[in-house]
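First subunit A sits with subunit B, and in the next complex the same chain sits with subunit C.
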Partner chain A sequence: MSTSPEDVRRTVVEFLTLIEKLPEGFADDTPLYADGAGLDSLETAELSATLEDVHGSDPYATGDMPQTLGDIQAFFAAGS
Partner chain B sequence: MTSDVTATATAAAEPRVVVVTGGSRGLGAGIVESYLASGDRVAACARSVTPEVEAWRASHPDHFLFETADLSRSADAKTFVDAVVARWGHVDVLINNAGVARDGILAMASDDDIDTVVDLNIKGTLYVSRLVTRRMLARRSGSVVNISSIVGRSGYRGLGVYSATKAALDGLTRSMARELGSRGITVNGIAPGYLRTEMSHGLDEGQMDQIVRRTPAGRLGDPGDIARVCQFLTDPRNDYLTGQVIVVDGGLTS
Partner chain C sequence: MFELLERVAGEEPGRAAVVTHTVSRSYGELLADARRVAAALTREGVGRLAVVDHEAPFVVPLLAGAALAGVEVTQYPPVEPDEVRDLLARLGHDVLVTDRADLSGLGARVLATHELLATDPAPSGPLPVDRPHLVLTTGTTGAPRGVRHDWSRLVRGTSRVAPAPGQRWLLAYGLHQFAGLQVLLHVLAAGATLVAPAPRRPREGLAAMRELGVTHASATPTYWRFLVAEMRSDGGPVPALRQVTLGGEAVPGPLLDVVRSTFAGASVSQVYAASEFGSTGSMRDGRPGLSVDVLDRGDDADVDMRVVDGELWIRSRTGMLGYHGEPPVDADGWRATGDLVEVDGDRVLFRGRTSEIINVGGVKVHPLPIEERVAAVPGVDMARVHGRPNAMTGAIVALEVVPSRGVDLEALRSDLRSACADLPAAARPRSIRFVDTVDTTGSKIVRSHA
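So, the complex of A and B:
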C-alpha cells in the first residue's frame, strides 16, 4: 500500500476500529493517546507494527512519538 | 538426528513459517528437522553453513531458508528477519535457540568471555524477539519458545555466565507471555537437561558420565526430546499454555 495521507489514514482508522478505540469525529489532530483514542503501550506497539507491516516503515522506529494521525502522515510525507 | 523427531509432530493445515535461531547444528538442527518433517516452512540462521544446512537446502528448496548471521549484532538480526518476511510474509513460530557457552571459573573469565555469552544469549534473543513479535502483533497470533537450560535454575560449576544468561531467558519468557498473551501470542520456555550436544559446551567425558548416572532416565537427552516439546508448545491447539518453562531433563532435577 502507498504512503499517501489517505492510505495512512485508512490504516490507522482500521486499526482503531479493530481495537474498538476509534473516537467519534476522529480527525488528523485528534490525540492518539490520553484524551483522544486512548492507546495504551501495547496498542501503540501494535500500531507501530501495523504501520511497518502495511507501509514498510513507521515513525516509532525512529524514536519519534507521533501524537496524532497528522504526525504519522507527516512522517510518511517526508519520505522517511 | 532421528526420524522419531517427527513422530508426534503436528501437521498444520497450512504450512507455518517457523524461525529457528542457531539452527545449523546440534539441538537447533534437530528442531529444524522436526518442523521440516511436519511440513512447515523453516528459516534458520547461524554464524556458518554446516553440512546439515546444505542438505536441507537441497532437499527442501521451497521450505527452507538459511542466512548466515551473528545475532549478537542487531543489524544481522534485522537482516535475517527481513529476509524471512520478504520470502514468506510473516512468522508464525519463533524458536530462540541460538546460544553459546564458555566454560571456566567466573573469577578467571575475561571481558570477552562474558561479552560473547551475554551478547548472543541475551541480547541476540532480545533483538530477534523484538523484530518477530512486532510481526506477530500485527497479525495477532504466534508462538515463541525460548530455549534455556536447567543450569539456569540449578547452576553449574564453571558455567556461571552461561547459567546467568539462561536464567535471564526464563524471566524473559514470563514477561513476554504477560505482554503478548492478550494478543493471541503464546510464549513458553524449555529448559533442557544435558544433551549429547553438550559435549561441545565445555563438559568433559567424566562430567557427562556422572550426569548420566544421576539421571533417572538413564541417558543424556537428544535433540528429538526437545523438538517434540517445541512442537507441543507451538501447536495452535495449545494456546492456553503460556508463560511456562518446561524442564526436559530425564528427571535429573526432579
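So, the complex of A and C:
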C-alpha cells in the first residue's frame, strides 16, 4: 500500500478500530496516547508492526515517537 | 547395533530389514554387508569417518560395519559441498564415505560406498569394547554440534523392546538425526522392518504408508501436522496405522486429538528424547506431557528426571559421553535439557525451550501455550509463534499461520484475536501473518528467531 496521508490514515484508523480504541472525532492531531486514543506500550508496539507490514517502514523503528496521526503521516511524507 | 542385526539374522536371515519403493534388503543381506564394511574399514586403517549417503539400505550396513570395526561414524545431513567442507573442518574428519560425485576435492580422502560393500566379509569375532558413534544435533539453536555416544549405551536403551517381526516402521527422520537412529534401533531390537522412503517428507511418508504397508510411524508433531494436511488435501485413504508416535518437539494437546481422530485404529504415544540424553521411554496414555511418575525415580533407574527452576533435568545411563572437541562429561550425571516445564497435577507439561522465550518489554513469554491455543482454532493448519523485534518493547509476540484451504482470512484473523484475548497482554500476538508454510529444521518448528 502507498504511504499517502490517506492510506496511512486508513491503516491507523483500522488499527484503532480493531483494538476498540478509536476516539470519537479522531483527527490528525488527536494524541495517540494517554487522553487521546490511549494506546499503551504493547498497543503502540503493535501499531509499529502494523505500519511496517502495511507500508514497509514505521517511525518507531527509527527511534521517533510520533504523538499523533499527523506525525506518522509526516514521517512517511518525508520519504522515510 | 551390529549385535541386534546379527541376532535377527541368526533367527531368520530372509526377514525384510529395510524396504524402500525400489529395494528390499533382508537381515541376512545387511549383516553380510556390515561384515564387508568392517573388513574394508579395517584394511584401510580408518579410525573415524563421515558418511554422506542417505539411503537406508546403504547407511544401515555402514553403521553396523563401523560398529563391528570399532570405527566412529558421523552421518552428515544431505547438504551441499560447501557445508560438507565446513563440517569436515569442524569435526576433524579426513575420511569421507560417499558415492556422491560432487564431494571430491574437499580435502578429505573419499571412500566409495559401493566399493566398501564389494569387499570380502570380515570373519565372525567379538565386538570391540569401544564402539563410538558421533551424532550431529539438528542445529535449531545454532551450528550443529557433534554428540559423542557409544553403541553399547545406545543399545542398552532397547533392552525392553519386545520382539515384533510383523511391524513395519516408517523412517520419517534421517538416519543422521538421533531420532532416526532411535527408530532404527527400535526396529532392529524388535526384529521388525524399516520402511524408508526418500526423500523423507510427509508427502513421501504418506505414500509409503499407503503403498508399503507401514503399520507404525514415529515423527515430529510438525511432520504429523503436514501429513494430515496432505491427506486432507489429496482425499486419499487413511493409512491403516496401528501405532502413531510423536516426539522431537513438545506435543500440543489439540494435535493429539487430531491424530487420534484421524488414525482411529492406532495407539498414540509420545516419546521424549534428545541427542544428548537419549531416549527416556514413551507415554501411551494419549495425554499431553509426561506423567509425574518420571520424576525422582531414584539412583537405580536408567533414566531419572527432576525439575529445577522450571527446567527439566535428566540423568540417563543411555545418554552421551560428551561433545566432540570438548572434555568428557559425567555420562551418568544430571544434565539440564533446555526444556521448560510446569508440573500441573499428575502431568509434567512442556512450555517451550529456554532458547525460545520471548522477552516482551521484560516479560518472559513462552511460545508453546500460545501455539497450542492458536492451533485449536478452526481453519488453522499450522501455527508458529516467535519473537519479532520491536523498537518499543524489544520484541512482540508474532504469529505465523498456515490457513486451511478456502478459509476467509479476515474472519480467521478475528477468530485468532478472540482466541488469544484472555492471554496476558504481553503474550497476545501483536503481529499475525498468513503464510504458505512455516520454518522448520529437521522437521521441527523454528521459534528461536524472528
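Here is the rule we go by: the second predicted complex is superposed on the first by the 80 of 80 C-alpha atoms of A that agree within 3 Å, B and C clash if a C-alpha of one lies under 4 Å from a C-alpha of the other, contacts with A are read in each partner's own complex, and residues count from 1 in each chain.
Basically, contacts are C-beta pairs under 8 Å (C-beta built on N, C-alpha and C of every residue); 3 or more make two chains touch, one makes a residue touch a chain.
Note that the structure is a prediction, hence the values are computed from the model and not measured.
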Clash or fit, subunit B versus subunit C on superposed subunit A: clash
Of subunit B and subunit C, the chain that contacts the larger number of subunit A residues: C
First (subunit B), second (subunit C), both or neither touched by A:48: both
Partner chain(s) touched by A:34 [first = subunit B, second = subunit C, both, neither]: neither
Touched partner set for A:63, first subunit B, second subunit C, both or neither: second
Stretch in clash, subunit B with subunit C, out of 38-46, 56-64 or 110-118: 38-46
Residues on subunit A lying within both footprints (that of subunit B and that of subunit C): 42, 45-46, 48-50, 53
Interface residues, subunit A side, partner subunit C - complex: 18, 40-42, 44-46, 48-50, 53, 60-63
Residue numbers on subunit C that touch subunit A, as the complex places them: 360-361, 388, 390-393, 396, 398, 417, 425-426, 428, 430-431, 433
Contact footprint of subunit A on subunit B as seen in their complex: 134-135, 137-138, 179, 182-183
In the complex with subunit B, residue positions of subunit A that touch it: 42, 45-46, 48-50, 52-53
